[in-house]
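The two complexes that follow have chain A in common; it is paired with chain B in the first and with chain C in the second.
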Partner chain A sequence: MEVYKFVMPEVIFGNGSIKQVGESCIRLGAQKILIVTDPGVVESGWLELVVQSCHEVGLSYSVFSDLTTNPKDFEVTKGLAHYLNAECDAILGVGGGSAIDVAKAIAILATNGGDIGDYEGVDKISMPLPPLVMVATTAGSGSEVSQFSIILDSEHNKKLTIISKSLVPDIAIIDPETLRTKSALLTATTGLDVLTHGIESYLSIAATPLTDVHAENAILLVAKYLRQSVASKLNEEAKKNMAMASLQAGLAFSNAILGAVHGMSHAIGGKFLLPHGDVNGILLPHVMEFNYISAPDKFARIVTLLSGEEKRWSDSGQDAVELVKQLAHDIGAPKRLSELGLTKQDAKKISADAIEDACMITNPRDITEQDIERLFIQAL
Partner chain B sequence: MEVYKFVMPEVIFGNGSIKQVGESCIRLGAQKILIVTDPGVVESGWLELVVQSCHEVGLSYSVFSDLTTNPKDFEVTKGLAHYLNAECDAILGVGGGSAIDVAKAIAILATNGGDIGDYEGVDKISMPLPPLVMVATTAGSGSEVSQFSIILDSEHNKKLTIISKSLVPDIAIIDPETLRTKSALLTATTGLDVLTHGIESYLSIAATPLTDVHAENAILLVAKYLRQSVASKLNEEAKKNMAMASLQAGLAFSNAILGAVHGMSHAIGGKFLLPHGDVNGILLPHVMEFNYISAPDKFARIVTLLSGEEKRWSDSGQDAVELVKQLAHDIGAPKRLSELGLTKQDAKKISADAIEDACMITNPRDITEQDIERLFIQAL
Partner chain C sequence: MTNRQAMIDRLVGVQSSKRNYYVALKNSVTEMKKKNIQLEIINDVMKGFNIEMSMNDILQFILKKMRPFFSFSYLGLFELHYESEQLHVHTIYPKVDSYQQIGPILQQDHSLYWEVVQDNKYRNYILNKTDSYIELEPFKHLELRQVIIFPMYVQGKIIGLFSLGSNEVIEYDADDLRFFQQLTDQIAVSHENVRLYREVLQKKNEWEQTFTAVKDPIFLVDLEGNIVQANETAKDFFHLQENNLNLHDVLYGENVPSETIMERCIKEQNAINEELKLFNKAYCEVYAYPVFHERGKVLHIIVYVRDITNKRQYEVQIMQSSKLAAIGEMAAGVAHELNNPLTAILGNSQILLRKEQEDSPTIHLLRDIYECGRRSQNIIRNLLTFSRQDEYLFERCSINEAIHNVLGMVGYQMEQDQIYVELNLAEQMPLIDGSAQQIEQVIINLMLNAKDALKERESTKQIKIESSQCEEFVYVTVRDNGIGMSDEERGNIFDPFFTTKQVRKGTGLGLSVSLGIAESHQGNIIVESTPGKGSSFTLQLPLCIESG
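For the complex of A and B:
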């Protein structure tokens, strides 16, 4: 048995927990925080609650929201200048994966210097980061608890996957109420991202008993609550359980890493700036079918979890795949990469980037560039 | 829904992980550590590995091992003097619950001053503690990951239950190889302690989905591996799984707290200095029977977990109780408090102390002093 490690931030979970953000920053010794967020969060009104919470505890802040989905290296550079100019000493990310990943990237540069590209890969960060608090407002990325930050290298249109224990925030706040303002489509695609995190980390060659319990519960909760969460903005039970699914999937993949779906979707997202959740949801059943022979037992468990029937047992990979497809169909998620504008001509450049992605290392079945091309074409 | 929190240390788990202890302390900025351990650990040779690991990274240390089971306040005072005299700046606990709880208690006094009794109860610690690394050498206490420290007030023969997020160590190292040197009886009774942690945290009124996944897995693993672990010192598979069970039970109870078994056993341990695991194992079925009506659904799940039969379902409290009794019987654990020398005359003073214990607050069924007396007499 090899030695394995598990690390996670302190977690604060529940409706209204967003109001604890000011106090959480103070507890870490912050005097002036940079709030990194995106225009959507500002518009939805959640930033107001955050700012109010800072006022209540007398915490100074400055807001940086000049970022986009699939966040870019130059946005990180801008954010860093903002952090330095405003003389901040801690960073608060508020949003989905984009805002949180940029918050982490600014933190890296704030104490380690250099360019964000210098930190691509595993364990390249040497100096401790400033205190980090993250507020997750989408049940999706899991970045609020993870060792990951994904930033686009805008010169090469390639996503930089940065993995380091230093990127695990100090405190993660997950408030299911913030999910009320998400559109049905965003709920659907980010929900499939959660499912992908759960399934890929469960099948990862770096999975451990500590990650499995979270991955299994995440898969179960998505199967049980994603449909209802897409159906209604006001279904509090569904929002709460999807927030928990996202959190647990995040804990699982942060420590077990991911697989070929993410390896491919990082490549596709980098080249074509497509929404991460959409791409993952489309690729997932195809990659599952490919990976099936690596772990029939785990696929049998996935069937039980996805069907919600404790007594249902099937080690057919096809059954697991069908259950995923049915879910994606029910919630109206895109089914084919061609719907996103991709064509057969893109297969080669995608596979060349994808094979280099850090997530490929933990895919349970050995994979080649040819396999990736074939999977890409299947998913068109 | 209320807001709930979950906190745990960085975990390093696996055979040989004890060798990472020096590096782990250095990573936290330690220059000279106080190693808090007990004579049993010294004798078994594990301390030697720890010391070697310190040498390898050039880390200075001083060893304090002047402590006993059911560790006493005056042992903490002695340890503090040792820490100060040796000019240490970090603390490493190596052992079972006793060594680790003393290590934590020394850490409290090192930065907060006063007497250890000042910190009894919940959240009484205000100043941050020195860096804390814990190496668990018994699959039992879970203290290496928990918010708890239990120290005996030697003047009043009463256990002080100290609960604070500050007591969660920075790094917990769990090396299943260290379980090879435990006697069969100690393996049995500490194993029942793990089961008690799993069941009490699962039934606790402060349980959350994040604690449930760990509690459930801990119960499952104990049911599956404790017998084999008691049977043979060399069963590596059993040791590994019991170490994991202990870790997960620790994560669960640290965040969900415990119940009446622990409330009572703290009182009994305080008055009569009896082994904690023995007392818990005896009390567990009696308290379960009492608690049953509070959560028949969770008892049904416990039956599934303990029987290892996914399809077995019974919401009879008696079935769960019988499965626990059978396990205790199979591993030769003591069955009655009278075997430990307790008598009917002790019931009143035990119940008076027990009702005050912090663990009673989260017991799933409201409990009175009279209930405790009755349970105590039943268990005689």
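For the complex of A and C:
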């Protein structure tokens, strides 16, 4: 691409940065914030820190935590009612992708009205959103810096992908300390998600030098620190680097978009309530194999990033796939979709939905519905 | 593939940006400003109509106000007349002559405006030279390229059209069109209000004219009798000057009866009429009509007064003269009957007198018989003259002669009552224009009244009759030294049927008829009286009657 653009929020990074929440909201002119979070965050005690920070600066708030993973449209509607009833004027998302995506969706409806389904697609938002501050407590989704929000249409069991620069939050706060409470399983699955974001945005046909920098570093950090992060909750350095990997992967994919792995996993996520990172981790090697011929040079670079060694381009495709598989294996992630309960019967439906997904557009190799079906079956 | 590239461009979008608050704010401020101006226009249209701004001024105002937002160059108002099925060009602003080509009334065939009336919905028309609308001529002349036409509704009915023309083609969004429709609705309502207002005003004027045209007093009063409205006749008739008067005072003065006609009207909830002698002495028929409220309660009363004084006077005169005619007829009959025996009495007494010696003891008695017969003959002749049933013709007549004639008729009665009648007549009295019979009638009346006034007097009863002339008038005064009258009595004596005499003795008609006769001679009767000392009545008559 010759002319390109890179968007990102103000980013506050570092241990203890979660205490900046109240001050950040005040700076944006907030008088009463709606805190959107999930029960897990409440349980882990991070919400307490957020609330404390609000008290310190005298900021009123109201908490909405009635949401689940793969957040549903009706949860957004509930959250909007909460926002309006409590007469809030800014939104704070605290949590993983679900809480942040719901926070964004509530913000859309708060100023634009209508149903969340009205905004599916690219650039459908016409009015600016209320001030948005996001605190990412899982290294993974990258939603705290991205222009995406993904909500489940509960009636049609389909994921609504909403893309707009207006969804880029005003301030993103990444506090690596929050990763300490994550289980090994969650660390593993979100870590694979970060890797998928890094590799897909790196290979995307919309990638630019600005996104490449972030994508490459994210891949490098995941390769170096994911294993240690899964291994120990107390490894501060590993947590800090995984948080940075997640942030950079998020910056990369938000600006370069993704590819077929996400196209397919969005389709699967629409039909089955499965951990997004696990599905990505299983699909990634298969899609990489398929995409290899589109960018052998970039694959050679991926091998270097993953292994720390310079590689010749001729065998780098297979090497990259193997390195990804090895990493997944090392952290004990599932290897096949069938382990998650998917069957061959699902192939047609999934591929039909996946081909429509916006992420397919930037996949480096042209892809057909049949290709997707084949890849799905391969990954079973 | 270009499709995919376009999609990628949109996803990573160099062309798209995060929505900006400043822009959104600015847009909403601009939008609000526009809405404000729109409200202002609609508000001003409403106000404008109230102060009876002309339609031309209103259209000018709207055009000027809209200019920052809408660049229309012409505004037009068309009026639909349902009954005649005509569409009139009411006002075009700025004023143009070009509609003259198609006339002030639009024909129905090939008319764009008529099409809007028939379609019953707004039309956004962009000029197309191949169309055959009759309006194209004026449009071309005004260099219009776009005309938006809205039907004007009042209670769901089209009363006309409002059109906005511009020299360029502009796209309007739903908000703009909604505003135009609101503006049109407002103009429609205001236009209709003005029309209704004028209609009501005209109706009101018609009623007021009716009210004024009635030449009898009419009042509209409230339940307490306070005058709400009165016509000009009422004001003149009662000499009303101040406002806030009460009709009770106007009609009755200080003698308000226990139940007034208005009170009766309210009580009976029905039309009432009464004959009243009003405070100001006029005889009137007064009619009171209740005006009912929607809920059947009396709200106001209309009081209608008819002055019947003249009619009453006339009736009395008719009555008196028909009575006199009857008496005259009878007197004539009696006179004729008496003439024959009198002739015998006179003839025979003359014969006997001629035969009688001067010194005969009975000559005295015979002479007495002869004289009495003569006198009887005179009385009868006067009676016949008085009761002559001719029309009262005005001729030159002598006042003194009239007085002598009267004395000839009533002198005997006076003698019977031991009344001393003293004559003091001017010697050189000119003749006057008048009816001798009527003048005699007045003098008889005055003498008979004087006689009655003397009835109770014990000592010398006296009546003085004087005649005189002063400038253009002659005067006959009948003066008695009888009981006289109080001031109150004196105020009433000319009213028909007023009498101070005992029942059956008087009809109360004499003086009122006398005054009527005096007035018909352009004269008058002047009264002076002192209780216990006597009264004088002077008949004043002009020498010449002025014609007309």
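Here, the second predicted complex is superposed on the first by the 372 of 380 C-alpha atoms of A that agree within 3 Å, B and C clash if a C-alpha of one lies under 4 Å from a C-alpha of the other, contacts with A are read in each partner's own complex, and residues count from 1 in each chain.
Keep in mind that, in the parts below, a contact is a pair of C-beta atoms (placed from the backbone, for glycine too) under 8 Å apart; a residue touches a chain by one contact, two chains touch by 3 or more.
This is a predicted model, so every value here is computed, not measured.
In the superposition on chain A, A:Q31 makes contact with neither chain B nor chain C. Once chain A of one complex is fitted onto chain A of the other, the partner contacts of A:A206 are limited to chain C, with no touch recorded for chain B.
Using the contact criterion defined above for the overlaid structures, shared-chain residue A:V7 touches chain B and also reaches chain C. The larger set of touched chain A residues comes from B, when the choice is between chain B and chain C.
In the overlay built on the shared chain, the residue A:D123 is in contact with chain C alone; chain B does not reach it. Of the two partner chains placed by superposition, A:Q370 touches none, neither chain B nor chain C.
When the shared chain is aligned, chain B comes close enough to touch A:G16, but chain C does not. Touched by chain B in one complex and by chain C in the other are residues 1, 3-5, 7, 165, 208 of chain A. Those residues of chain B that touch chain A in the shared complex are 1-8, 10-17, 20, 165, 176, 208-210, 213-214, 216-217, 236, 240, 244, 247-248, 310-311.
The touching residues of chain C, when paired with chain A in their complex, are 4, 7-8, 10-14, 16-21, 23-24. Of all residues in chain A, those touching chain C in their complex are 1, 3-5, 7, 122-123, 125-129, 163-166, 168, 205-206, 208, 255-257, 358, 361-362.
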